[in-house]
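Following are the structures in question.
After this come two complexes, each holding chain A, first together with chain B and then together with chain C.
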Partner chain A sequence: MAYCYSEGPSTGSTAALPHNSTMAVIEQATPGTTTYGRPTTPKLFTAQLADIQAVWDAQTPAGLYSITWDSAANRVVVATTNATNHRPEMVGNGENWFGFTQALAGWNTSWTGASAPQAVARLLGVTVEPAEDWAQVDFAEYRHGRIASIGWGNHQAHQVIAYFSGENIATMQAGYVTAGRVRIHQDETDVLPYAAAHPGGYVDGWVVAAGDPTEEGDTGDLWSLRMVVAVPR
Partner chain B sequence: MLALETTDDWAFSVDIDIGGAETYTNAVTNAIDSIYALVVWANAPARGWFGLSTFSWTWQRDATTGGTIFVLSASGFAFTISAGAHDRLGIPADAAVNEVIGDQPASGTWAPISKISVKKYMRTLAAGDANAGGAVRPGVPGLGAYRPEVSAVGTAIDAGRLASILATASNPRRAVVYQLHTGDWITLAIGTVTRQAVDTTHYRYDIQAGAVTL
Partner chain C sequence: MIYDAHKYGFGCIYWITVSGVPVVWIERVTGKALPAGYTTEDASLVIDDSAEVGIEQIDRDRGTAVSLSFGFKLLDTAEARDWMRRWSDQATLTTTLTVGGAVATVDSTTGWPGAGAFYAGLERITYTGTTATTFTGCTRGTAGSLAYEHKPGTTAQIITDRPRFWRGREVVLWATPVDASGYVAGSNLTDDAVQVWRGRIEAGPDRDVDGFVFQAQSLDRVLDQPLATQVTGTVADTSVKYAAKPGTQITVSIEAYDAAGVQQWAYVLEMLPFAAYTAGDMLSADAMRELIIAAWDNAVTAAGANANLSSMRFYKDKTIYTTQVKYLADAAINKIAQFVQINGTDVTSLKDPILSGTLTEIWIDLWKSAGDPSVPWSVAEPAGLNSLTVHVDEGDPADVPTTGMVWLGGNGVKYSFVYQYAATDGFELYLGGVIQGGYGTAPKLTPAQAVGMTATVQLVTAGSFPTLMLTTLENSGTGQRGTYDTGPRGKGYGIDDSAIDEDSFLSAAAPLGSMTGTLIADGSSFSERLGGALGLFRMAVACRPDTSATYRALKLTLVHTSPFGAGWTTTIVDADLLSHEGDPVVSVRRADSANTVKVLRKVGDSEDVLTATDRDQVDAVGSREATYMVPADDRETLFAAALPAIASHFASDQTAQAVEVRVPPWVLAEVGDIVEFVTTHPAVWTWNTSPGQVGYDGPARVVGKRMNLKTSQVTLTLLIGGGVKVRALSPAAEVQAFDVAAAPTRIDVPLKYLSHFAQSITEAGGPVKVLHYYRIGPESDIEGYTISAAAENAGLCRLTVSAITGAPVLSLASESYLTLPTVGGGDLTAYQATFAHIDDGTQWG
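And now, the complex of A and B:
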């Protein structure tokens, strides 16, 4: 799952780099009012949805909203909890990021994205190796064979191999989940972060290297992609 | 077991009491030298309990973290210990005991499931007829001017632990490693650590090392 970059402000039509940080909404009763919502800092996709919901609840004329990612269906659902007819509006690359690739017209109390959000890639499995210390280390040798080992480093790295089905190639190639900051769940039910004593937890890191999708075998439906994910320490 | 010199605050004091409390003040920056110095201090003639109780220490692997749990023991009278050594050595406060077992791993320690192999470390042996690689024996050729090879096998927990403690390594990077066949604790410069998977459960670690450290 990818993080979106955002610098705020939390609402308004102008913002720095709004390409996937922002979603807007118009309500039927006040069609002249467009309310924008975005987090004020970089946020994980699901946290971004919660932030947008909070902004809309506070800023829209009437609606109270529920913006959720349906994990099982892999779709984003935008709905009002007080039966307010509305229509979400996509900003920048929002249609791909949130998965609302359909033509958004008319009014409704609930909207479901027509496509899978490209902020999330469903994996068949993933190998996340325990962290490695990625310090640069030099040996310096002095007289009589005496040695000092000098190290510099500010991050650890995880070697990652993601396995996914053919239907997710487009999402992987879109780049949101293979570049920048991402969260990789090794086990979707494990809510604890990776730690030295809990190597099965989810990893929050920055993708510093990624290969191309590679077909595994010749069935046409099993693919893998190698990444190196760095975590500051 | 490997004990890394770390950037943690090693300036701790711990009270030991056998009929009168006395305070040990730590001045070294790795776990092995620290527990060793603590025991030497506790057994010194200047202590009030000298001749009545003799302290010793052992260690064991902590399977939960891959670190080292220290066990501090005293033969003779029971002792009371303050919590001063808890943060660095993992030894908690306890009262009227002959043995106190650490409740958390000591800082900078790594105890993988295998023993740690230290090869080609230069040893100085007594005079004799033949020499061995990595050894110096008076009158016999065969100076082992090699770089030590340090390796071990561990699990994912051990992999996580090693990366975690390396993040706290002081600069320059030094560690104390136990060499089984000589029964010695050896101080090495720790260079690049490489890792490879050897099966579905285990990793092999190779540590670039240099001996006779500064």
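And now, the complex of A and C:
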């Protein structure tokens, strides 16, 4: 699960790099009014959805909104709980980030993204190696050239191998979940971070190196991707 | 800031603009709207081969930055090839194209399109129409180029449809953010973009196997380039000269009457003596008189008056010349009447009775009053050296100011003159109203001595030091670069004010900000002229981002270079240090600090020297001298300000140290900033708290910043008040052998650690404690050994164990290590304290 980058005001159509940190909504009753929402600081994908909902609410549109990620279906759902007809609007590359890749037209009380959001990838499994001292990490691999090459001091690194099905290759290759700050859950229900005493917890850190998807076996359905994730000490 | 987003997976696309070329050279096509004036984006840019860019370090004594070059390649695309080809259309300017000229007159426009663009030198000019010999509707200085004057008779007269050369063109490297999926935010390429580097092409294009390679130098490197502002030549003549007026018309009417008043003959003589000259040509009074005599002869002949009138001559009466004309003696003539007009204005009107037929001369006054400058031919050459006619060998006579100073002589004796008037005639320079004087004890020159001497015109600029600096940066002769573009071409670098942070200069604090000085252009560079003043007061000019400007535009900025200052822009902590390519903090060797400082005040022939010495240092290490040349007007003001500045040098330079720190690009520190540097890294140690404490916590001045374009990794050079040690990581000795795993009496480690353990034991005066840990395992003082001796044994360092702390178990399989120092326990020696370990037991990698 990736963190969105966000800075600047929480509302309005313009902000620094507003491509995937913003989602807007237009209501049928007031089609000339667009209500924008974005977190003012970078947020984890799920926290971002809650933030957008909160920002919308603060602007008191007619609808009472819920923005959720259906983890089972791996879709983002925007809906009103008071049957207000509306239409979400994607800003910048939001259509891919949130998964609303369909043509958004007309009005409805509930909208479900046509695609899996690229901000989150479903894994079949994941192995997380114990934390290594920073200097021992070999940064031989770089993802997207210069994007994922920064790693800094006072961090420890985990070697992570993510296993996923072929249908998720596009998401893994899109880059959001394999670059920058991410959270990797070994168990979706485990809400504690990885620690020596809790090795099944999630790893929340920065991807400082990542390889390319590698096919496991020859069925075409199991793939893996190696990453080095840096976590502050 | 786009670099903050790097933490969240963003990267950036680099692109460059080259002045005068309306193409955005970029790493990949984005489809975004391009900046105004740019018509296409071409995915041909390769910057990954470039070395780091930025400022390696400021030269604090010379006041300039030591900046790094930027290398880039344009791949062999159709667009790139089209711009690298030889031009297909060419024309030649036939008249001067002034800086604001909208019509360019050339020999022929045959073959040129009806509208388009052409290049004259570094400037790109668009036009909307043509005639047979002109380009009309010209818009000057397009696609980032700057407008300036182009003269026929120089290489600037060549006009082409493609750049004739690339050297000297400004290059700006931009970065536009791109997210982890490759998406470029915004609708314009410049949305969220920042400038990364700015400079000028110094070499290229050089052909490579797959493209064209360029090298460019940073904008601030320009300040070391000499300015070719000298105008020198040889004195050819010392006579007083006057500007010719070709339209000067002299009309003389002469009538002769007999005694009865009957007119015997009459002639009207029209003379245009200077018609063969052009306005501005310089003529001496003697030359004018000769021209008038010749014109008279022609007029007499033309009027058929040769039977009655003869030649004219000038007659000198003290300082005035009058004219005499002979007429042929005729007893019948009793009276001569004459009327003289100059340019239609009556000068004289006279009817002279002739008392006898023997008078054969008449006087014609071709002047109205003595010393009338409108008729300079009436003035006698004054005594002494009053004027200089110089045949210019170097420089453009047009750059010479109308009043100023000139030196005569060579490397030996120099004679200084001021002049009141200057005029040019091609490459001939005329200086009038010259007065010898000023400085020195040189004897008065005679006109005869002056002829043949070398004359050097002094191009002088006076004002406050900020003004002098800005003038030197902006002067282009066009008046278009900014407020301070007031001097002739060549007197400055012609840098546009959009690339200069003028406020940083104008807000310079006293003493530099308020002191006045005088620059005499002598072919020296900015650094040579003003670097001394900057170095003395610990300031420098560097190319750095203007953080408040759009795109964080890179500008020449006046910055401080002293290691101390109030307030800091950001804090750099351990977590900001990049460690994956090696040690993130390394010491940098600085030049030895001076202990004898000379401040040389020098303006023209006037020189004063102030010398200050740190006597203790000189006694100890000998004299290390630094000289700062400052062109200040007032001796007392300069020296009063210099003394505390020098004292500050002596006080801080002995302890100021430089370290290089590798950090991510989102650390907002720019050259000249004060930052707070808080680190536990052992490469620095705090000098002003407890002795020998590892790490540093205090202000630091950023005196260098360079970036690896491929990884965005930034290396800062910091000047700090602490001391620097060479790398002193705690020795972590891999255990090679031991006698008993659980309770050893001896442990063998590699021989290279012998000196460390032996030194520790020596300093402690007895046994020292060492820690035991497994590789990658945690360290603590729970497990360890007390070592009483260290000695070489069979190629290894053998440590003798005298006591055991905790229950360590040595293991070769788990890779046991021993390390210094322990923490706490009272046995921490000064030697051990210089190592990398800190009191939480963590280690540096």
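Keep this in mind: the second predicted complex is superposed on the first by the 213 of 233 C-alpha atoms of A that agree within 3 Å, B and C clash if a C-alpha of one lies under 4 Å from a C-alpha of the other, contacts with A are read in each partner's own complex, and residues count from 1 in each chain.
One rule holds in what follows: contacts are C-beta pairs under 8 Å (C-beta built on N, C-alpha and C of every residue); 3 or more make two chains touch, one makes a residue touch a chain.
These numbers were taken from a predicted model, which means no experiment stands behind them.
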item	value
Which superposed partner A:233 touches (first chain B, second chain C, both, neither)	both
Touched partner set for A:132, first chain B, second chain C, both or neither	both
Contacts of A:5 with chain B and chain C, given as first, second, both or neither	second
First (chain B), second (chain C), both or neither touched by A:29	neither
First (chain B), second (chain C), both or neither touched by A:17	second
Touching partner for A:174 - first (chain B), second (chain C), both, neither	second
Which superposed partner A:114 touches (first chain B, second chain C, both, neither)	neither
Chain B versus chain C as contact partner of A:208, first or second or both or neither	second
Residues of chain A touched, compared between chain B and chain C (which is higher)	C
Overlap of the chain B and chain C footprints on chain A, listed as residue numbers	132-133, 135, 137, 139, 144-153, 233
Complex interface listing, chain C residues touching chain A	2, 4-12, 177, 179-183, 185-186, 192, 573-581, 584, 663-665, 709-713, 776, 842-843, 845
Parts of chain A lying in touch with chain B, wherever the complex brings them together	129-133, 135, 137, 139, 141-142, 144-153, 156, 194-199, 233
Chain B to chain A touching residues, read off their complex	64-66, 145, 156-157, 159-164, 166-167, 169, 171-174, 189-193, 195, 197, 203, 208, 210-214
Sites on chain A touched by chain C in the complex	2-5, 7, 16-20, 42, 92-93, 96, 118, 132-137, 139, 144-155, 174-176, 178-181, 206-208, 232-233
